[in-house]
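Quick notes on the structure that follows.
First chain written, first letter: the chains are A, B, C, D, E and F, and each begins at residue 1.
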């Protein structure tokens, strides 16, 4: 089974980290392919960047020439999963939703901890739309940016673990869902301090994708995610104009789904 | 006061129709500028097209060189309003939300009537996220596509008016919000048949935009819609690469907000 | 266009203040008529007073002999808007709801700040019934009464601004809706301290009323606000018996709507 | 124990019927006093009439010179219970809420059946505000007015029983709450046809009032229903001016609570 | 009228206390019979113990050979009420739900105060399923176990009263529902400190049971609580095998309902 | 990895069928052990039977002497999962919840189709408590009992497929979750007729259990599912008295967790 794990931002080293985490979580026999969008933000932390990511991820998948069995969108709170589900016939999993879903099997209430305060609304909106919000007691932010994580990882980890501790004590969370990536030690630190399970969205998404593929299940095509109607699209797929690939960008192109 | 009314699709004749409707609704002294994205779908009726529209609309606004006091995103159910609010300092109104908000002052419950069944979820998601959903008793679709409206307008109007009548009788709607554009007669037909007020989103948005501008109010910048952090963006604004304008597409470009 | 702005209490000087605020918010060409009930409380701060206000406002409108295009009920949390909608053919706007509706276009979540703790439930009930509650993160009270505002305005403003600051920091409000009137400086103080937009209900209501009138929209009459059935009413309109006007108070009187 | 049962309308024969039903439901030792407002509608079926009823009921209670242990507001969907709770130190029960509360102990979901369609929203609003709405699957109306009930009781009963049957079959109600009064046979007819318990609001209210009095419980006075602040009220209690009783109508009158 | 009050745990002295409280709350002419399960936990404070209690209570009722008019399940948050309703033709009241229902007539919002933190989720789940949750602002725990109450009653009472005070001040509760039993002084202490009504679930349940019986109402049998289908049950009623009573445990035994 | 799949009823042939379905869904290397309770109903279709199942399942797990990595409770709507989570240190999955969770990744809204109408409330309650209810548009019943399925499988399949078709067309479900077991052809029939994915709870639960075990995740023990407090339990584990195994039934027995 081959799963595409698509980073929402353009930083290739992050894609490596995400793909590595995915590989660690994957079952034997699952191949993980990390994809990086060719356009968008180096790190996604806001609404415009989220909209760019939606297209960047779809574009990266459309340009991928190999076969694949499932797609994971690897970002916390970004738009775009619905588009992928419409576009593709294989299962699509967003890591924000995957982490929440597994958390709901591990405890009565969960919290998401993330970095910047400005990504909290994006994560909340994702959970609300996906219907995994009712057991989420809080989405908390440490106030440190994604890139700061790399500069002072220990401080970043402590700041997020502080939020996790407050989530457990004050918000009555029983499970912590990570709403940010890239830190191997973060989960361990939180588990040690708070004695609660910590769910990493990437790992959760890999297992959920494997589950759906293994059961022969994929996205329903009867209404919301039915294949797009044939029509004239301009400038899409975007990657085509950017990379000067063959098809004219201004035609009624065939869609994968 | 100058209001940009940005079509979500690339069909310029539709932009004309929308701008015309906006002008009819506008107060004296309000100038309406219709904008058409340079990329995206000729008509938006799905998830991918909605994501394209989000960027297409932002791109069109960023490329507009004049001054303006407010922006209206003219589409039913498309993504992107949050991005515009982050990007701009002036008020931003989505017509799906505008129609719903005014409808709530006119009757106890409202329904939205639209064309294709596949846009129903998109409209429902918009209303849910915007918080205008609790008085919405249904989003109903006639089953006719946007472009079919032009081919047989009478049949299209009747099909939608049928849904409006069912909304009033079965769903107990007291107000109808139009979830599709381009038909001067539609509102009148529904009002005649159902004896309920009919709210057009474009008209509602124009008046709400005028209201906010008139009261000196604009988007809060304290958290969700705070200006984006300085960072490296690739391939954005997209229009720049498409139209070969000056700035390199791969730089930390200054943002309007 | 002529808009009646009806105070919910019997203090004429407050009516003056409200009408003044309405005039400042109104477009050119809008005439504001302030009305004061002939019975009720000098300031509304509770349930009985709210019920009295409901009748007092309707009574004042029924006794007004001129023509008018819309009615604004100027009170925070008082009952009565539904009665006015049933009674009248022109649009009716409650300022509690108007402020909330506009706030929802300005930020993701809003708070209402008011004076006395005992009016908090009344405001919450209004927002819940009107369907504008889901983005309201709190209704906060400063603990100072309406009339205390006049005695020590600076202290009153500071106390309310303190609540606004807590709403922004603790409740994650991005917009503040004023839940009390009469203080020109309050909005400015809050904006300065909290850097968020501040919506005044009276101003919002004026613009919304103008919008509905401008678009030719008014209350739906199909169910909830259909004209009352012909029947025998005793002692109503109340003002008639009080002011000894012509019609007998105990007859099946014709209703305006 | 003495319980005041206050009719919401001015038709004394209805008060008799309601008081009779209350007496049948009451325990031995409970005295039922029926009160009729001196102003308001002969039958309450709308928003204005509901607001009139709110004051009419409070006025009738204030004018009652005897002692009493609890007050029941006998109307389906009318305003005013909150005012009574603020005004009085004894327990206050609204029959709309009482019927719903007992129904929730008898089956998983309940429906309310009433006469006119226009009273449905009023009943729904009451249940929503009182927090008894989540197990209510529908409020259904037969389309016959209160006074028609007297003209052709059999047809009226059948029309309401039809709605009850549809509630059980289509809405999955397991209990029926009567949302209208005055018909001894109605409950029996519904129970026979639908095999479900039928709760009459008046009877439920009597027992709930007895329960609260028996347990020494009454309305909390810490916030929402705290006694009104001392202030100048004009024209209240209304009954005083209408019936020329002693106290001047324009003074800071002492309140019972 | 005879009401069975069934303790959820096996400590007979607690049953005595509960029955005593029930007798104090009962009307003249009501006989209270306290029952103790023959198996289960000595005090219920968790999920397994709650499931045991569900069966233990049903078993105790099935083994009771006398006649009875209603059954009260006396535990805070335990499972089983739905089973009793299916099993019996007489009304069934759970004290957790009874306390909440009466509290809703006494103030706008209520809180439940209990002993151990681990019972909070059980109580919350009961209220959610029963539909009495929307006015519940918190379920708070003192952190002291049921059995500790007996060792140091004064400290236990103070710890719970502290939670009640925080519920009133911080959570804006206006009524306190006791979520634990056995302390005569607790209610008085809370009322003195917080000036709010305190509802004891046992007392509330007795009065509600009397009310339903008095009105001739009992559980609806049309769907959720319809009598069980005839089928083979093994090891049930459990008490039979335990006490070696007559009927074989492995047969299609007749059910009471 | 070894997973216990515990039937909720006592019919061993059903356990075989369930274990078979589990084995088909399992990954290579996963061993499935089917367990049948020694007491309870031959088929669970109601509240009492559900409560019996809760204990029967826990009892069967406690009596199982081997090692295991996860437990699946195989019943649609039965109580007991919370008890298992408290009792055990390994992950616990209920098939009702598992089917719903996976369905939410496959389409925007899902329906559950089951056999008897009387199990609908039980399934709804499970989904509500587990927080997977917001995307569930209906739980529909065919009206045929579990055991009838075996007598006329074709008719039973058709009756359920009819409900699935109505769910897709009328309730706008995009995914069907099976709320009953034992029919290999059912899923295929529904997929053929309705063109939507069909999720079997047993299969979903197996994959989710494997996922949690694979990721090293298990139930949080900080509050709701913390190990039970040491105390005296009578008659538990029930199986002990029934099967005359060693430990006395009336002692403070050590718990697995």
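Throughout what follows, a residue touches a chain if its C-beta (ideal position, glycine included) is under 8 Å from a C-beta of that chain, and two chains touch if they have at least 3 such contacts.
Everything numeric here is computed off the predicted structure, so don't read it as measured data.
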- Item | Path length in steps (a step moves to a chain that is touched) from chain A to chain F | 1
- Query: Can you name the chains that touch chain A as well as chain B?
  - Reply: none
- Note on the structure: Between chain C and chain E, the Cα-mean centres are separated in Å by 45
- Geometric centre distance via CA averages, chain F-chain C, whole Å: 53
- Note on the structure: The distance between the C-alpha centres of chain D and chain E, rounded to whole Å, is 29
- Item | chain D: positions in contact with at least two other chains | 108, 121, 223-225
- Task: Counting only chain pairs that touch, give me the topology of the graph as line, ring, star, complete or other.
- Result: ring
- Item | Residues of chain E touching chain F in the complex | 10, 38-43, 45-52, 54-55, 58, 79-80, 82-83, 85-87, 117-118, 120-121, 125, 128-129, 145, 223-226, 228-229, 231-236, 238, 241-242, 249
- Residues of chain E touching chain D in their complex? 25, 27, 91, 93, 97, 101-102, 104-108, 130-135, 168, 172, 174-175, 194-197, 199, 203-204, 207-208, 210-212, 214-215, 217-225
